[in-house]
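Each of the two complexes below includes subunit A, the first together with subunit B, the second together with subunit C.
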Partner chain A sequence: MASAEPYSAPSLLPPRRRRRGRRSSLRSWRLRDQAVFVLAWTVGIGLFAVVAALVGFFAVRGAQYLRPDLLVTHPAPSVSQAGSGGFLDAIEGTVLLGVIGLLIAAPIGVTTAVWVVEYGRPRWLSRIVESTVEMIAGTPDIVLAIFGLALFELGVFAPLSYSEPGGAFGRSFLTAGAMMSLVALPSVYVATRNGLVATPRQLREASYALGKTRIATIRRVVLPGIRRDIATGSTLGLGRIIGDTAIVILVLGATLRIDTQSSTPLLGLLRGTGSTLTSYIYGNSPAGEGGAPQKASAAAALLLLIIIGLNWGVGRIGRIGGPPLHEPKRRLGA
Partner chain B sequence: MLDRVRRPWSDHSAERLLGAVACLLAVGIILMIVFIVRGAWPTFSHEGLSWLGSGGSPDSQLGAMAYTSSKPPPSAFVVHAWPLIYGTILTAGFAVLFALAISLAASIFIVDFAPPLVRRTMKPIIRLLAAVPGVLYGLVGILVLVPLINKYLVTESEQQSVANVIQLTGGGLGITIVLVTLMITPIMTALITDALESVPRAWREGAIALGLNPLRATLAVSLRAIRPAIIAATGLAAARAIGEAIVVSMVSGGNSFAPNPADGKIFFFEPVETLGSEIVRVAEDLGAPAVHSTLYAFAALLLFSSFALSLSAYLVKLPLRRYQVSS
Partner chain C sequence: MSARERLANARSGKLRPAARQSSENVALPIDNLELTADLMSVTPEKADSTTQVAGTAAHGRERLRLDDVSVFYGNTPAVKNVSLSISHGEVLALIGPSGCGKTTLLRTLNRLTELTPNASHSGQILLDGDEIDELVDTDLRSRISMVFQQPNPFPMSIFDNVGFALREQSRRRPRRPELEPLVNQALQRAGLYEEVRGDLGRSALRLSGGQQQRLCIARAIAQKPEILLMDEPCSALDPRSTAVIEDLIGQLSKDLTIVIVTHNLQQARRIADRVAFMYLGDLVEIGETEQIFTAPREQQTREYIAGVFG
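On to the complex of A and B.
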């Protein structure tokens, strides 16, 4: 008995010859379209190459010049690169300025965003507030820097910086931090606003139904829900503070070492001048007077490392602690 | 004190408190504008609008101002800032043009053509590029690119031909444009990519179904739909480009010369100075009232130009909301 071969009916469908649409094959495109297509790929790969070159350059320079002792020694005035010390003060300055700037920017940014989104009455007033924030986001940092310098030289602000009977010096960690908060503010504001807008209405309504007031809902339900947005915005703002040079050079003084202005422990430091990694790089590059390009490259490698770390952190923040309250809309632009 | 914070807040007072903070911020920013305009006032009152014109070198004019007395006569305010304004327009204009072309191609690539894996890697890369501090670009420029240009692109005879006017050191208009382009491209790409992604898929698919090839569909439908977003991105990038100071001051050659397109190839190697980089360069002399006022006039010009650019970006974007295509 012949084994029962399963009978397969001959297919009525024509053999599948062309899976893709007629025009989707690149060969059938017009030459000009092909050229544009190739161009798009080239640009994409080109951007990739730029990043690779930048990271590669600083990785090599960092490996060459970035030694651990540079991170823990104070800079010293010297004409030779061998004697000019490390950049401990610049690292401390970067951290201190970032902390001060964020401490000012985060509460103000969050408060403003909450008011604009949740209350926003009268309408025209919230429009004005929104557009001023928009304006500060577009203001060049050099304008902020020169504004800060002249503002804090006024006698009223003398306690914030080193001052003598003739007038205030205007340059200190406090004044530079105040200006830096304006640099970070738009990031915090925009992230908080987007988070608030994206929070589902039902969440608020459920809270109202339980008898909570509006502000209680914001404090206990909405704000905890958008913690991540706020953290992302703050991290982005921190990145902008760390990367800023103009304000440091003009308003922080870009001194070689951190110069405290009095012996009072904290206040003396805050009223003192200093430098950050960016101003250290600028000052030691051929553009500044330092003339220690190797040290500048080492500091630049460190700075790039910090920026990459922050960037990675921004990506991570979005994912910690379970599913998000609202469907996060991943956007490329801030 | 802490107890008061912990207790439930009254809705009414909370609204007032939050509103007060927001309004204080707005008032502060508006005061900043007033402060800057007030600082620039002596230049405007003594010079009118003629300081925007050309004549002489701003470097030497500002240098002379630094030595004027604390109560300077009106003649001390003489400045002709045209070379700086021209330099700003030149660098920002070229940079925005290049960045526009690059970011259009890049975002089309990212959204419509890149394989998923490439797309997933491109996005963090764009984000990283946007976050790289400008001073790093400046450092690469001054340590690597400027010497390279000086060695391979500028010939001895070209240096000789202009030696009695300017020095060609490699730094100048060309490298400045390249670095500013690098700095604004990621932001523009990010904005355009966001807009392209928000175009409903069906629109483009409909065009493909009608027989357009995918590229044509993108050009004809998606790009057309986000035209306002492209203009807005261009405006924002331009605002950034005109305000870039540190990078420009590092690689621009340090001479407020007005590059002359008639010079041919050397045009791109001629030194240039923008409003922002001139502020960085002269800020040490801010103590002299005439310098103070002049730099504030520069700052006011920068502030209002960038404000106009971002405002127009905002206005142009408004009609987009009708189509629910965000940007």
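On to the complex of A and C.
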């Protein structure tokens, strides 16, 4: 059979598929379009080079100085690098502060956005809320930090931090977390608001047409529909908290170790002071006391790694599945 | 033909209105017996159209009554002085050129127009004798359900889409095991169950357009509404899905009142018991389907139907 049909052999291979159709070549473009095209590439490559240099620098430093034992040893007060321990407390502080800040910022940001977009009455109040959030986003963190310290030193906030009869110390994970929530709030708010605005009217109407109340529609249809936006906004907010230094130094106290403030386990920790990776880097860099520049480099490499991880996470959140939400649950063995 | 046979025929959707019309005119006591409702759809009293006043129902008990209803967007009327009544178990088709107010009228019936900021209406709309504005909006809308022109499934699983309608407002309860029979039943009635039974946890957004629309119908009928409003439910669908949905409407009309907007006159003729023709916000004519298509009283109706038919 095959001999009767000498050309049948190639047909065993699947036909070559074209991934793209033919396109007009760059040559046929107008000069201005060509120039913009070249410029776009140049800028893109230039930016990439800068980031690559940054990452490369800290990759080398990290490989040089970032040893596993640094991650699990407490820092110690010592002038020599050999005796100053690791930065376990800074890692713990970073995580704790991020969690506290986000726990406050996420519900407030989401609720505010829901109120502004879905209710927004009276109008003037919703405008004020909008511009307030914009202002928080534009306020330098050092300004927030000074304000936070002044605020939490007031007697009424004494339970939040170490305090004596005279007044409150104002510095603790709780007070710094509260200020950090302001740093994360705009990201959460903006992402949620954009998601709400982009939610098609038809989706809400479908819910109303089933006899659902507005609140049920928001909770069960609209918010689940934008959970991806909320997650993205929260992750970005977390990144901003982790990257902040001023609030840590002023309001968290930037103590070398986490100092708990009472014997009650959790409360003591929350009312205690501590440091984060950023303040650790600052403190040990040549700009600070300059005690341990190598460890500062190691901590910076770790911080960069975390930030890259978060960005990767944001990208993942944005890309989950084709149509948004509710992926089929893969059942093992099924 | 025995009642059982007729029922079977009607269930399988074989009996089209043309066939229904030829069947003998039997007077039946109208009540909620399921059998009666089934027979009703096979033997509508269409023959005695002489005793019908335009705008009154051919079928059983009156469910919905519109008295001099006008709907405005700002100060512009979109629906003008419409009066009609719709009775239990009938399929009423709203036809008319684009922009004549069909959607507006439909959305007024379940008070969805209220959600449009500058919309208002005058006149009376009575559901079983109750002014609809006096009813709680959420109650009204669970009694008068709606299917939209574009399929609009929620971004959730197939199961949750249908289950959402059955859950009490924002509560999670009742839980899945209690919902399951009801959800399956709704999916079966909407003719979707066989296609999706394997994985009800799949995202509804991954269904095809026709499947999504049937899902929306399942969702709309899950809580057993009394009246189903359908706004061009087949306009985004291929002929095959359209046929499936038309069959479905035939089945559903046994125990539901259906008001359907359609641009497809053949479709109106196939599925409707009565047809209402609207033009520039006016209800020009309402009558038995065959009368509208074969002997329209109004000039405008005649032109519209003739124009579309060629």
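The rule we apply is simple: the second predicted complex is superposed on the first by the 277 of 334 C-alpha atoms of A that agree within 3 Å, B and C clash if a C-alpha of one lies under 4 Å from a C-alpha of the other, contacts with A are read in each partner's own complex, and residues count from 1 in each chain.
Here is the rule we use: a residue touches a chain if its C-beta (ideal position, glycine included) is under 8 Å from a C-beta of that chain, and two chains touch if they have at least 3 such contacts.
Just so it is clear, the model here is predicted, and its values are computed rather than measured.
A.B. asks: Contacts for A:I215 in the overlay, against subunit B (first) and subunit C (second): which applies, first, second, both or neither?
C.D. replies: It touches subunit B and subunit C both.
A.B. asks: Once the shared chain is lined up, is A:V60 touching subunit B (first), subunit C (second), both, or neither of them?
C.D. replies: neither
A.B. asks: Could you say whether A:L103 touches subunit B, subunit C, both of them, or neither, answering first, second, both or neither?
C.D. replies: So A:L103 meets neither subunit B nor subunit C here.
A.B. asks: With the two complexes superposed on chain A, say which partner A:A206 touches: subunit B (first), subunit C (second), both, or neither.
C.D. replies: second
A.B. asks: Touch check for A:P224: first (subunit B), second (subunit C), both, or neither?
C.D. replies: second
A.B. asks: Would you sort A:V79 into first (subunit B), second (subunit C), both or neither based on which partner it touches?
C.D. replies: neither
A.B. asks: Which partner reaches more residues of subunit A, subunit B or subunit C?
C.D. replies: Touching more residues of subunit A than the other partner does is B.
A.B. asks: State whether A:A49 touches subunit B only (first), subunit C only (second), both chains, or neither.
C.D. replies: neither
A.B. asks: In the overlay, answer first, second, both or neither for which of subunit B and subunit C A:V197 touches.
C.D. replies: neither
A.B. asks: Just subunit B (first), just subunit C (second), both, or neither: which does A:F37 touch?
C.D. replies: first
A.B. asks: Which residues would you name on subunit A as touching subunit B in one complex and subunit C in the other?
C.D. replies: Correct list for subunit A: 213, 215-216, 219.
A.B. asks: If you look only at subunit A, which of its residues touch subunit C in the complex?
C.D. replies: Subunit A residues touching subunit C: 200, 202-203, 205-213, 215-216, 219-221, 224-225, 321-329.
A.B. asks: Can you list the subunit A residues touching subunit B in their complex?
C.D. replies: 21, 23-24, 28-29, 33, 36-37, 39-44, 46-48, 50-51, 54, 57-58, 108, 111-112, 114-116, 118-119, 125-126, 128-129, 132-143, 145-147, 149-151, 185, 213-216, 219, 236, 239, 242-246, 249-250, 278, 281-282, 285-287, 293, 296-297, 300, 303-304, 307-308, 310-311, 314-315, 331-334
A.B. asks: Which part of subunit C faces subunit A closely enough to touch in the complex?
C.D. replies: By the definition above, subunit C touches subunit A via 110, 112, 115, 137-143, 145-146, 148, 150, 152-157, 160, 164-165, 167, 169-170, 199, 201-206, 216, 219-220, 223.
A.B. asks: Please name which positions on subunit B make contact with subunit A in the complex.
C.D. replies: Listed in rising order, the residues are 8-11, 14-15, 18-19, 21-23, 25-26, 29-30, 32, 35-36, 39, 102, 105-106, 108-110, 113-114, 118, 121-129, 131-136, 138-140, 142-144, 182, 185, 187, 189-191, 193-194, 208, 211-216, 219, 236, 239-240, 242-246, 249-251, 276, 279-280, 283, 286, 292, 295-296, 299, 302-303, 306-307, 309-310, 314.
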